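For reference, chains read A, B and C in written order, and residue numbers begin at 1 within each chain.
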């Protein structure tokens, strides 16, 4: 009996701690969401009420119109989708070459790929912005998309999972006259679906959330991504319009939060692929 | 035809897309930046002249760069240890077989989905001095929240940026450490338990050593992120407050709107290359420092 | 044709050269009258069954069997029919919708066979196809393969290190050692007239007794005697002490330590059997002695 009580108390203590910590972690999101769902006057009352009462979509609606968020969301969706598909394709091709083909200087070429992983975007943006300019790609979708179409991380990940496919499978296919592309498409890629899912999700999130490169390559409404659009809702000096940014945040973050909940497993797989198994 | 060469044409075709992209958008700009780093150009960048490799040293020693370097290092120092400890704390808390633990894990991972822009603006809203919720709730304890606002005071602006970064990275840190925890073999805990080790000893003697690969990875990533912080600066402080440069990190020095070097491709390139070397050095030092202590248990 | 030899002797490599998966460093590969060194594997009209079966894990049994036809552009209806026919030959018709992961080892092995026969190739290459099966299944499948060979009436090249498989299945056996071909012949020829001391000792259970140089012969030959030819004889030329007697039911193996090393004799259980510790003498008829060159190990006839 006594131990049951102790165990019960311990369990209660642990749950209380979990709930308290979860509340702290979630507080910023909750506060912003609440603010976005209140009407202009209620949003700034004092003392601030943190209860979800008198909710309205007015703020979000005004932010949507003021920020032209529909267009920006479509831009982000389009750019992220194309980059994701592109990264998967280029990673599959290069990963296949490194895993299944033998060619001179293979190790050196692979080392070159790996070493580019060390170069952060922050270093290359200076010149890339000029390159994009010289191609006439400023304020275009190409400018947003093309530089991100190859991912060394993706190549590495795909090579890794392809190396685990038995060599006999390729040999059996070769005896049947299956070419490399067909084997890639019909056998190797389907067998690697979980990894490709993780890579795809990872790439999509990264592109959707990118800030520095888009900020350097586009500044017109036709091509701006949602991340860049948020900044334009920020009007520090005009308190009456201050709440627009909370509406924008909800619009920008919601699709990604839904993705996180739906694809949590793939995301964790993608993130940990670089860490634990190294 | 020799077998090695038989694979060459398909291999080339398959490598060309990614190799071409990497060459144009990663390798070329790096080489070019290194080259521009020792050149002085006019605004059109048509007329450049060689000013010697010691330009890198001049840039490194300049007051602007030194100040920005200091800000970047401070930011790393504020975000990495705290972020790491909080992430480990969350992971240990959530590494229990309890009903509904999945919900808590999702909550703790949630900030991984927030972009730099979203996280920064969330904190921008929370920290707003007149109408922000934190000023409203906590200004009794921390008067600066209301006047002038944490982001508007040169002594609190950087810690406020760090707060936003720590929160934004928490989900990532949690996921990596959590995965590390779950790969610790259960029988290790059991044998430690049988040996009579208490929960604190079990944590320091079993959990932490087995976590070293994950901790190393997180440390390197968080440090790199801090050194490369741009979006949060652009959105939260604009490098300021005002003209103080209290939050002007190296990337903001290079890319920021009111940057001094905005139009000088030479200094910009030199700074970017120095930033790259800085990141490399830090990663190398961290790998080395951890090297002997990392247990890749299997 | 069976390629037989200890592991690492090069028999799989030889098979892979025939398949075109590896290039010979010297020499030519012929299939029929045609030199195929420079032919891609797909043009050699061969099918191969791998030791690991190499089935596509994400495809159903049907899709696995149909795949070689699909690659060749055989129309859908036709390849469904041929795949079903191949599956029926191997008793797989009811498993067509399963994936390889849901099949037993023996069933997977048969899917691999079906995938090979559906192509009707001129040559079947098999790389230790039975080695991943348990003993009972291996025996059954062996019989099935012999039956299949007879029905298909095409060339099988079969790699194994198991001499029982080689003896029971092959119309001809090629014995290999250390990358070299030692002997080619029918199983009976290889058994009765081994071309080298290696072949003599590799084939037969228990293996042939090979006596050191000088015993029962001249100074430059080794002499080999099969256990069934080594007779207990009170006046025999070889003497030894019995250290083990194995009763196998239809025969008894008598192991003895002798001046010539360890000897094994296969004796009739109905005869007068020695017991462990007995001193015995052996002999063999001269026409049952195999003579091998002391240096090269090659047969001296």
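To be clear about the criterion, a residue touches a chain if its C-beta (ideal position, glycine included) is under 8 Å from a C-beta of that chain, and two chains touch if they have at least 3 such contacts.
Chain labels with UniProt names: A, B, C = Unannotated protein.
These numbers come from a predicted model, not from an experiment.
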With centres defined as the mean of Cα atoms, the chain at greatest distance from subunit C (Unannotated protein) is chain B
Most central chain, judged by mean Cα position vs. mean of all protein Cα atoms, is A
Here the gap between subunit A (Unannotated protein) and subunit B (Unannotated protein), centre to centre from mean Cα coordinates and rounded to Å, is 16
Distance between the CA centroids of subunit A (Unannotated protein) and subunit C (Unannotated protein) (whole Å) is 57
For the pair subunit B (Unannotated protein) and subunit C (Unannotated protein), the C-alpha centroid-to-centroid distance in angstrom is 62
Among subunit A (Unannotated protein) residues, those touching two or more other chains are none
Touching at least 2 other chains, the residues of subunit B (Unannotated protein) are 3
Residues of subunit C (Unannotated protein) that touch two or more other chains sit at none
Touching subunit A (Unannotated protein) in the complex, subunit C (Unannotated protein) uses residues 19-21, 40-43, 46-48, 50-52, 54, 56-58, 67-68, 71-72, 119
Subunit A (Unannotated protein) contacts subunit B (Unannotated protein) in the complex at 11, 14-15, 17-18, 21-22, 25-26, 28-29, 31-32, 35, 43-44, 46-48, 50, 89-91, 93-94, 96-97, 101-104, 106, 109, 112-113, 116, 118-128, 130-131, 146-147, 149-150, 152, 155, 180, 205, 208-212, 215-216, 227-228, 230-231, 234, 236, 239, 242, 245-246, 248-249, 252-253, 256-257, 259-261, 264, 267-268, 271-272, 274-276, 278
As the complex stands, subunit B (Unannotated protein) meets subunit A (Unannotated protein) at residues 3-5, 7-8, 10-15, 17-22, 24-30, 32-33, 36, 45, 90, 93-94, 96, 98, 101, 104, 106-118, 121-126, 128, 130-131, 133, 136-137, 167, 170, 172, 175-176, 179-180, 183, 213-214, 217-218, 224, 228, 230-231, 234-235, 251, 254-255, 265, 268-269, 272-273, 275-276, 279-280, 283, 296
Listed in rising order, subunit A (Unannotated protein) residues that touch subunit C (Unannotated protein) in their complex are 166, 168-169, 171-172, 174-178, 182, 186-187, 190-191
